[in-house]
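Just below is one structure, and these are the notes that go with it.
Which chain is which? They are A, B, C and D, in the order written, and residues in each are numbered from 1.
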Amino acid sequence: MQKRSLALAALLILSSCAGHQQSVVDPAGPQADRIAALWWFFFWLLVAIFIIVMAFAVWTLTRPNRGLEQEPLEARHRPSEQKETQLRRIVTGATVLTIIILFVLLVFSVGTGKAVSELGNKNNGLAIEVTGNQWWWQVQYLNSDPSQVLVDANEIHIPVGRPVLIRLRSNDVIHSFWVPNLHGKRDLIPSRVTTEWIEADKPGVYRGQCAEFCGLQHAHMILYVIAEPEAKFKAWFQHALQPAAAPSTPITQRGQQVFLNNACVYCHQIQGTTASGQNGPNLTHFGSRRGIAANTLPNTPGNLGGWILDPQTVKPGNHMATIAVNSQDLQPLIDYLESLK
Amino acid sequence: MKPAQDVLPNVPTCEQDIADLERVWRHPRGIGGWLSYTTHQAIGMRYIVTAFVFLLAGGIEALLMRTQLALPNNTFLGPDRYNEIFTTHGTTMMFLFAVPMMEGFGIYLVPLMLGTRNVAFPRLNAFGYWMYLAGALFLYWGVFTNAAPDMGWFAYTPLSGPQFTPGKRADYWAQMITFTEVSAMCVAAELIATIFKQRAPRMSLNRIPLYVWAMLIQSFMVLFAMPAVMIASSFILSDRTVATHFVNPAEGGDPLLYQHVFWFFGHPEVYIIFIPALGFVSAIVSAHTRREVFGYTAMVLSQIANGFIAFGLWVHHMFATGLPQIGEAYFTASSLMIAITSGVQIFCWIATLWTGRPRFTTALHFVYGFIAIFVLGGMTGVMLASVPLDLQVHDTFFVVAHFHYVLIGGAVFPLMGAFYHWFPKMTGRLMDEFIGKLNFWVLFIGFNLTFFPMHILGLKGMPRRIYTYPPEAGWGPLNHLATIGAFILAIGGAIFLANVFWSRKYGRIAGNNPWDADSLEWAAASPPANYNFEYLPAATSRSPLWVPPEDRTFVTGLRNDRREVLVTTLMDAEPHHRYVLPPPSIWPFLTAVAVTIGFAGSVFNAWYVTWGSILTGICLIGWFWPRRPLELEP
Amino acid sequence: MTEARTLDVSHLRPWEISSQAPLWWGQLFIDFIEGTMFSILIASYFYVRLRVDVWPPPGDQFPHTLLPSLALIPLILSAAGSYWASEAAKKNSRAGMIGGLLLNLVLAGAALAMRLIEWHSINFNWKADALGSYTWAFLGLHTFDYIADLVFTIVLFVIIVSGRYGEKERLGVHVDSVVWYFIVGIWIPIYIVVYWCPYIVETAQ
Amino acid sequence: MRTLSVLLVCCSLFALSACQREKRDLRPSPTRLAIFGDAARESSLRPGGPVQPQPVVTNPYNSSGYDISEGQRLFDWYNCSGCHAHGGGGIGPPLIKKEWIYGGEPANLFDTIVKGRPNGMPSWGGRIPEYQVWQIVAYIRSMNGEQPRSATSSRPDSIETNPQNILQRGTQGVTK
């Protein structure tokens, strides 16, 4: 019993101090909120049942221990008929009670499921397509106007208070999209499109992670959902639609040349330059991202340098080519990429 | 061998009969002879020992994983090695430890509990063991040549397909499945036939011990579940080796289909593992409370219901793939129903403990441990049945915690109890009770310390199967705690092993029935003779050894100069005819070698299917070729 | 020691050639296993079939149905041969067993030959697409079973003809008939799936 | 005893080959990042004279399943399939064949990729790192069955339809 209460305490602590860490019991949106409410309902009810069942089990320990010595055999190895009848009643009662409780749980569960799935059906929704790749996320903001379609990676910006439809696709193996503070999982399955509605109540950065084993770097396939007030989101979006600014200093100009003359261009796209590869994340506004290598590392010049020089040590098995960059070329390349705000 | 005078005092002692039985049932000598054993005790013990070795292997893999996860950004194992190890751990525990261990106990105990001399098809039994051993060695051959599977034990496509798992790693895995499933299906077919046709006279259906019922249900589940996994693993294998398109979406195949087929097996698999364990619990509870298990009929019916429902809820492993809502409600409801049938059994055991005359032996300690852990695992199972909750905690450490609670709590704890309970039957000596209780407490504490924190980790968003995590995720302390728990668990395992080795040599001599238990295996000598009983007992009640000795009945008139057993009718177990079991034979072993050549070779070259089939055909003809005497004299 | 407490079984026969024999049951369960396997494969076939609009996939021919339908006739009749042999086995009639097994072998061989000829008209292999994979999985698995039991029947036939047989071999003939009924029986749904489903199953969506 | 030791040697050889097949050097050696010099001397084109034994550079990324599958991925990523399809050929020559214009040894293939060839094959030298060229070479040779079967994947898992199948079927004939 003590263990249970310790666990409870731990749960309470984690629910209060979780902040922006990914957590099921720290909801930041209506979907996650409903599920968290259902969770606590299940939790308390089942804890109560567990305690009752354990109490009965522990009670049997109070019966006298007969020891290993064999006593003379009795004729009947069962209690009196009266006792059996009594037991039968109790067990039947407990079973009926179990059925009733499970029925209640079923009703609540299905009800919550229905409510959650209907939450997104408003008409001011935003549609974002998330495509899974080994081991990063491509994020595409859908729009019927092609000039308003934005391609980004490993970060999703959403406006607070607006439902967002996430369309999920995969280019290689099965991944799973999961931002626990906002909603449960949805798998990304090759040859299929799955969908999920999410919505954030309050501004913040919510961490998500691939939840279906997808190979060597399953552990480092991280995604941030950045919820901002509508106006701030709009401003960000308009800025993100712009092509990359031309490098303004000699050193970043040199960096651009390094980028364009290396294998980088076969996989990465920087709008506004000739780099148009589609195999890796779009780097048009790389400098404004929070992390590199699908948020394996925070986006700092030092980390970026390490990542370019030796990606296989940072994230072994990932698909970024290890290229030979001269020591005098490295700093300009870093500066250039970091300047892509 | 001393006849079992103390349990069957009215058995006539006829030295000639015993000498005949000893001669007819003697094991053949030499290495060739050792490979030809067909007695169920020998085969069952081989299963148990082999499965235990793989439990140790899986345990070492678990410790390696826990060591890697003890600290954030740990580099003890790289991603490649970690993926290999967690896949091998899951595969080993499911296919090479849990199922074969349960089958080993079944092969050992069922004929004894039914009061017969051997299983119905002793050679098939031997063949099944060799197939299991070959499959296990095949997988571990891969492990030691750096070709351990690395795509998770359920090998979702396309990750396990030809492009994303290069080399032979997934092929080793898929073919190992074929080996072990052939073995499991052999065991299932022969156990059902044994239970249906070789019960002690008058052991009608409502007198079958609960453990035998559990094995019967488990065997039927094997018959219907294992073909699914053979299909699933064949999808992978043929896609990888001969370029079929069963799961290739580009050519009309479907990766979700693989999941459906796999989980149609995968969910019943769990019940295949723990239903026999529930049988252990029933046997232990009744022997150690010295009272029949309360609610025999309810227990049997709920186990049968468990078996049926198990096939109707596989989709709850796939909620995150996005299914129609009506399907979700149905599968939630069916998943919750398991809680009813399991609940009934828990209530019945508690009722039995409550009104029995308990002896708090180590075996009973493990039953209490089982109840605590299994009920908690059941609670989290109820949570996972709910679609919205499952969407949140699916594929996280919460699920890892859940299935270790139900599988270790539901299967390994009863298994430990079963070792303490039947060790005296198998070796003739009791295991040490003091070390046993120590063993229990270390395991119980270690287990909860390892797996309880994982619930919280899951809620904090830690996905399963990640080889490392950043410090800022905040998962460090609980992971550290879990790792400490894992090592305590390992110490518990070591204590158990020490107790086994010590008790085998120095344990107290047990006698035939040290627990004063009720089922027929305790009427045989400890350890049992190759023929189990000098005179086959009849079952005059549901607890045949609790009727007064002078009322017990036994069978005479079976010929002792050949391996003869009694076949009884299906429902009432009335004697129907006698049946002569074949003598030991090397052919099952040779056939297993031939099949192994076919299976193992086909991973590299599909033509081996042909060569293997031809060799197997030759071996089977040898197996079934008639030998003298052709006519059986009455 | 009281006489009533013993159960003498020495008067019982030491063999049995009927559904009371454990071997018969064992074979039944093996048939369960194979039946489940084919059922799952058929279910999988419909699962992928119902997800696509065009079936057979472009490039794949519709199956020819004439020859496989004709081949059903000897196949089903061959089961009668099996039945004859198993009844003869119960009565211990050597001539009956030889006749039944021979009829079985000849007809089954004819059906197999027709099947192998038919294979030449299938214009896709298992590497082509999902239909190819399923078609050849059905045909391959069933033909494997078929040939395996044919070989087993030939061996039994040789044993019976040689005259060196006893109750065990007679039981073998009886159980062999169970195997053969299964192989013939399971072929019917497979035949429908492989040869008729491309025609009769409506396109979903 | 002797047969036993022969058996053991065979087993360990088999094990070693398995090790190579399953080898996964995730981190390329620093010397394999840039490209230095030729892999093969093109002396077979030299007119007259006896054919000299050629110094052949062996592929350091040969016969490992992982490297072949990396080559398969890069073949698409660098758009080799744009001209060569999946080995069947298109704008460029097919790659599943026995007769090679510029030689089919690993070193020749390496040079072809690195230097380019007349009539359209661009030079990739200096653009993609050496280890990836070798991986692509390993994949191309696997298409011709010149890699151990046990290291070669049977088919791609790509979402696109496998053109090879359409090709094969086209020659076989009629629909409906």
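Criterion: contacts are C-beta pairs under 8 Å (C-beta built on N, C-alpha and C of every residue); 3 or more make two chains touch, one makes a residue touch a chain.
Predicted model only: the values in this text are computed from it and were never measured.
Novice: Shortest hop count from chain A to chain C along touching chains?
Specialist: 2
Novice: Taking every chain's C-alpha mean, which one sits closest to the mean of all protein C-alpha atoms?
Specialist: Per-chain C-alpha centroids compared to the overall one single out B.
Novice: List the centre-to-centre spacing of chain A and chain B in whole Å, with centres computed as mean CA coordinates.
Specialist: 36
Novice: Calculate how many whole Å lie between the centre of chain B and the centre of chain C, each centre taken as the average of the chain's C-alpha atoms.
Specialist: Roughly 31 Å, centre to centre.
Novice: Using Cα averages as centroids, what's the distance between chain B and chain D in whole Å?
Specialist: 46
Novice: Using the touch definition from the top, which residues of chain D touch two or more other chains?
Specialist: Expected reply: 24, 26, 73, 155, 157, 159, 165.
Novice: List, in ascending order, every residue of chain B touching at least 2 other chains.
Specialist: 78, 80, 158, 164, 242-243, 245, 248-251, 254
Novice: At which residue positions does chain A touch at least two other chains?
Specialist: 172, 190-191, 216, 316-317
Novice: What residues on chain B touch chain C, complex-wise?
Specialist: My answer: residues 10, 12, 120-121, 124, 185, 188-190, 192-194, 196-198, 201, 223-224, 226-228, 230-231, 238, 242-246, 248, 251-254, 257, 260-261, 264, 538, 550-559, 564, 566-567, 569, 575-580, 613, 617, 620-621, 624-626, 629-634.
Novice: Contact residues on chain C for chain B in the complex?
Specialist: Going by the criterion above, the answer is residues 1-2, 5-16, 20-23, 25-26, 29-30, 32-34, 36-37, 40-41, 44, 47-48, 51-52, 57, 126-134, 136-137, 144, 148, 151-152, 155, 159, 164-169, 172.
Novice: Given the complex with chain A, which residues does chain D contribute to the contact?
Specialist: Residue positions touching the partner: 24, 26-28, 33-34, 73, 77-79, 127-129, 131-132, 157, 159.
Novice: Which residues of chain B touch chain D in their complex?
Specialist: Its residues touching chain D are 78, 80, 142, 144-147, 158, 161-164, 166-169, 239-243, 245, 248-251, 604-605.
Novice: Any idea which chain D residues touch chain B in the complex?
Specialist: 15, 18-19, 21-24, 26, 64-66, 68-69, 72-73, 149-151, 153-162, 165
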